[in-house]
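Across the two complexes that follow, chain A remains constant while its partner is chain B and subsequently chain C.
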Partner chain A sequence: MDARLRRVNKEIADCKNDKTSNIKIDLIDDSPFHLKGSFPGPEGTPYQGGTFEVDIVIPESYPFQPVKMKFITKVYHPNISSASGAICLDILKDAWSPVLTLKSTLISLQSLLCSPEPNDPQDAEVAKHYTTSKSSFDDTAVYWTQIYAGGPGPQGKKGKGTTMGKEPRDEIAIAGLERAHVEQFEALGFERSKVIDVLRRLNYRGPNVAKLSEDRVVEELLK
Partner chain B sequence: MNTSPTKPPPAPKTKPASLPDVEDGDSFGQGSAVDEHTGFPTDIASLTPAQLYELNLGLFNESLPDRPLIDEIAPISELRAEYENGSPSFVQQISWLEGQGFHSIRRTRGDGDCFYRSTAFAFVERLIHAPNPDSSVQHALSTLEATLPMLKEVGFEKLVYDDFYEALVSLVQNVLTPDDIGMKLNPVRLLEAFQKPEISNSIVVYLRLVTSAQIRLSPFDFRDFLFHPETAEQMDPTLFCEHFVEATGKEADHVQMTALCRALRLNVDVAYLDGRRNDAVDFVQFREAKDQTKPLVLLYRPGHYDILVGGR
Partner chain C sequence: MSSDYEISDDDENYYDYDEDMIDGTQDEEEEDGDMYMDTYGDDFKVAPKNKRKPYEIEYESLSQAAVEKLMQEDVEHICGIFGVDGSTAALLLRHMSWNKERLIEKYMDNPSKVLVDAGVTVKEPSSPSAPVRSHSSSNSNSNANNGRRPTRSTSKLIGLASGSKSPKIPTVSPPALRPSKPTRPTPFVCPICFDDSPDLKPLSLDCEHSFCSGCWTAYVSSKINDEAEHCIRCMAEGCALVTPDPFIRALLLVEPTEPVGEPSLQKENVATWARFQELLVRHFVASNPNLKYCPYPSCTNTVSCPGAASKASLATVVPIVSCGRRGFGITEEMSQSQPVGMGLAAKEHKFCFGCPIESDHRPVVCNVAKMWLKKCRDDSETANWIKSNTKECPQCQSTIEKNGGCNHMTCKKCKHDFCWVCMGPWAEHGTAWYSCNRFDEKGSVEARDAQSRSRASLERYLHYYNRWANHEQSAKLSVELYTKTEKKMEDMQITSALTWIEVQFMKKAVEEVEKCRTTLKWTYAMAYYLARGNEKELFEDNQRDLEKAVEDLSELLEQPIEAENIPTLRQKVTDKTVYVQKRNDIVLEDTAMGFLEGRWKWNVAVEGFDEPEKVEF
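Moving on to the complex of A and B:
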């Protein structure tokens, strides 16, 4: 048996036997070199209550080269691409060490959810949102956790008479924008999807709203 | 730090600690003051350590991009020939080494693992040629075995280090005990083993883990020397070890070398072939063996280590 297979088998067995960590590793198909990891979102973060799945590819020269990981579950986080799930984390690149395992790397991803590094972003738009308005960022991350990772949704904001699950996805909340802002420009005759796209790119949030004149936004909308 | 009293090594910050990390096939000549025609600097003494490093890395990797992880021995005159069109001081230093009896070198790939790979190879090779292999091998095995509790104590997982440890121990055992095809380890088979990435890299990682454990377990010996190689900021031992000892491809500097020699009780001499003088070559000495064991000898050129063969 080659070193890579021996090591991966040991790691999978170790993870199965470990009842204390809540990291799971499962086969995706028959190959032991393409796996799916999952872990709960950390307590006390916008990701709490969600379950996050990670695509794992074990390269030929593992463990001497880093494992390839990206999020399957969509995550709203400065160091994770909101589109592709690609992850910006040093241990997946030049700080990789063969002492790291699938489990310890997944635990590092879990920690990454606790401590975003907006100065070294993978997703620049999300990072801008984070630095401009943390509370608005948190709301958006909670919403993403709810709709993509099975999270509970915003606490204490229920009671509208409808259950969240039956509602259509709220594109404004997904984009991390405020309804009033989107409606303001819709009223000028622009399509909602166009307004959302432009306001998201302009980071029309928090103190930035005062800095961006209506004309500036309209100019973008007309492009 | 335990070094030669007559030739104190430069302070940790003036040496390759301040250099960027090594990677295969790195950019040759970027920012270096090199002669366009020969590809060599016109005045080697005027180069910064970073430029010297780049110059050398370019030499290693441009000329032979597919250099084996570790190579057959080659006459030191071959090395000298590579410098003959360029740097007189390197040429003179190589001739000086030859005059001291160092007739050959064994090259390693410039992949950031070269110190660990060279040291491991020389360590096992020494056992093959030992006058009393029984006791030498037993001594080596007990030294290696004594590292296991260290690895455990600093929190490495057994499932991680067992394979790496076994890769080295089985080679050492094979010096005395025939393997499953009835063969003992000989120089040819040793080279074959060290050229196989799986075995060779496992052994390198084991040495990195031992180095890390030594630094973490004796922080007072090392903490004043743990600097970030680029920012020169002092670092916490754990953070330093994670980033600059355990991480793949990270060059060893004085701290790592001292720690490894201490953990494996090695005597090592490192010949500094750096073109900074032309009448001789400075040796940095690591003396961590309990007896007067003849040191393993490495050849350092900025950013790279090979094995020096022969000697005084």
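Moving on to the complex of A and C:
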């Protein structure tokens, strides 16, 4: 039997038999080389309570070349692209070792959620948000976990008692911005989506707000 | 003539491959020079034997084997100084990008750190118990090509005999060899493929991370073929040990005594080993500014050109070199199976040593050539129309198509003779005041307002670009025309009494035309950036004379060929070819001398040259 197939089959079986781990690997279609992994968001992080799904593609020369993984679930995290789910993690690139497995790699992704590396970002805008205003970043990550990963939402968080449910998604919260800031520029006659776009790009958050004059923002809005 | 340019032409000096080339340390190597030449002289493609022209640079073409010899010399040098085996020395040198001097310095300072950093030994809290890993068969193992079993430790240090210059002996802890299996309490299961069959061969480096030989081979092959990586670390996560060459060799090449595996796989492994050797050579070449790997696809030759190794030298020389091979890098038998013809398939691998341009861009220096190509790319749309192969007759406006390289056009309809490039009457081109090549600068100087100024600047660019593009086009067209003619001449050889030699004269002529059109092409790039003045005018005089001669020869090449006119045509073509050659030499020589003398001034800032006094076109 093909060595790659034997190894992948064993990996999938081992993962199934491991009752203690909370990592799951499932087939997407008939191919054992295109899989879906999932794991719960780690406790004590903004991702807590969510379930995160990962697309897994096993290359021809696996395990001698690294497995290809990206998040299916949208994640708000400096090392994960907020648009594509692409992941910046050394073991998926040059630090890959053939002894690593799908399970150990998924565990590494889980711990990446615990310890972001904003200095080596995949998503520069998210990373800027993380470094300028950690608490605002956490709120946004919790909101994303709630709406994309089935998380519980910001219950118990002071002043933000959004109830869970099917209410329309809040574009301002998704972008990690303050409602008052968005409305301030909306009042000047700009479209909401445009304002959100520009404020997010300028990282109009926390101490950065004082550094960006209204004129500067308007200038961007007019581009 | 500048003295540092005149390099002796005598062959002895020529072959005296510069030992300083790599790092300036040469104590031990002095005597090697002659031996080197004797043994490897055959691998060198000898550069022009006759006196070098000022526009030719001294260089040598090296085969892969010749470069490997240079590498081996460095390895042996390091072996001698450090008292390590060949594969260890190789890993150390690669780790330091073949900078021997730095390696020696660092190693003398802290050998164990260097060994760990290079992935030769395991990083461990030093235990002073085992100072030197010595083993009975140290000598037989010290040869880089002698590795047999990958399980064998390959990073051992052979005894340091000479006390004086030996560095401190690094302490390498784990005891020398561990053929793992017997001491293993449980049967071996490969942690990668999960195979546990009893006939599995577990192999490890000094770190004792054991994997089956099949996994090792697959891993090493993937690193080499998929990633073009020569520095291959142990498969264990985070392990920094690098697989030494004998280990890789043992994985990929079957020993004659071993049972022969699947033939197709074996063939693949042999190819992987060859690719690995090539990667090592490429790394060595890339680490050495005096060397450059031939850019032609699947060619493995290298050119050594110390005269163009520094950036500064590129302001005075145009280092056009050739790797010594011909053809598209394909094997001999393949190229022979192709029609020889004009020998396009057998073209020299000519390229510039100083820049990424993969063709001859003499007479213009690299930085100006690059600037020009960038300008052409940026302005490609504006200039696209020029490349079209049809134009209208300036007299009767009927469409005329160009199908040869000659610029002398005669309208089929009204018989008007005109120049394809400037569309002016051809009659004027034959006279002394031929000036098709010179841009009339008056217009742009007189332009007052911004708009007419920018129009004039575009016109100026188009003047040069038009001629540049035309020579490129014409060179191609002459070659195409020739392939047709050649067929005809070969036929005539059969039907008439002509000998093979007698029908060959066109070939030389077409080759010369193609070469000169390449020169002419780049003279327009040069003229575009040359500052106005006497020097530029003289340059354009030479350019004009060459252009005129080339056009005349092109015209001759388009004469109808019949068996009876061949003797006269042959005489005319041969004479003209000699003349064209002379004109081309004059252009190249004068320009090259100008660079050496610092005579050329530009109308823009060019790296390596003085700032232009004032920008004026």
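Assorted remarks:
In this text, the second predicted complex is superposed on the first by the 216 of 223 C-alpha atoms of A that agree within 3 Å, B and C clash if a C-alpha of one lies under 4 Å from a C-alpha of the other, contacts with A are read in each partner's own complex, and residues count from 1 in each chain.
Keep in mind that, in the parts below, contacts are C-beta pairs under 8 Å (C-beta built on N, C-alpha and C of every residue); 3 or more make two chains touch, one makes a residue touch a chain.
Remember, predicted model here, so these are calculated numbers, not experimental data.
In this overlay on chain A, chain B clashes with chain C.
Within the superposed three-chain model, A:188 lies out of touch with both chain B and chain C [touch as defined at top]. By the touch criterion stated above, A:2 is placed in contact with chain B alone, chain C being left untouched.
Shared-chain residue A:218: touches no atom of chain B or chain C. Look at A:27: by the touch rule set out above, it reaches neither chain B nor chain C.
Applying the stated contact rule after C-alpha superposition, one finds that A:61 touches each of chain B and chain C.
Shared-chain residue A:97: touches chain B and chain C both. For chain A, the partner with contacts to more residues, out of chain B and chain C, is B. Once the two complexes are laid over each other on the shared chain, residue contacts for A:10 go to chain B and to chain C alike.
The superposed model places chain B right into chain C at 296-304; the other stretches listed in 296-304, 404-412 or 566-574 stay free of clashes. For the contact definition in use here, the residues of chain A common to its chain B contact set and its chain C contact set are 3, 6-7, 10, 61, 63-65, 95, 97-99. Looking at the complex, you find that chain A touches chain C at residues 3, 6-7, 10, 61, 63-65, 91, 95, 97-100.
Across the complex, chain A is touched by residues 191-195, 211, 214-215, 218-219, 221-223, 226-227, 235-239 of chain C. Taken together, the chain A residues at the contact with chain B in this complex read 2-3, 6-7, 10-11, 14, 61, 63-65, 94-99, 101.
Within the complex formed with chain A, the chain B residues making contact are 21, 156-157, 159-161, 163-164, 197-198, 201-202, 205, 208-209, 242-243, 246-249.
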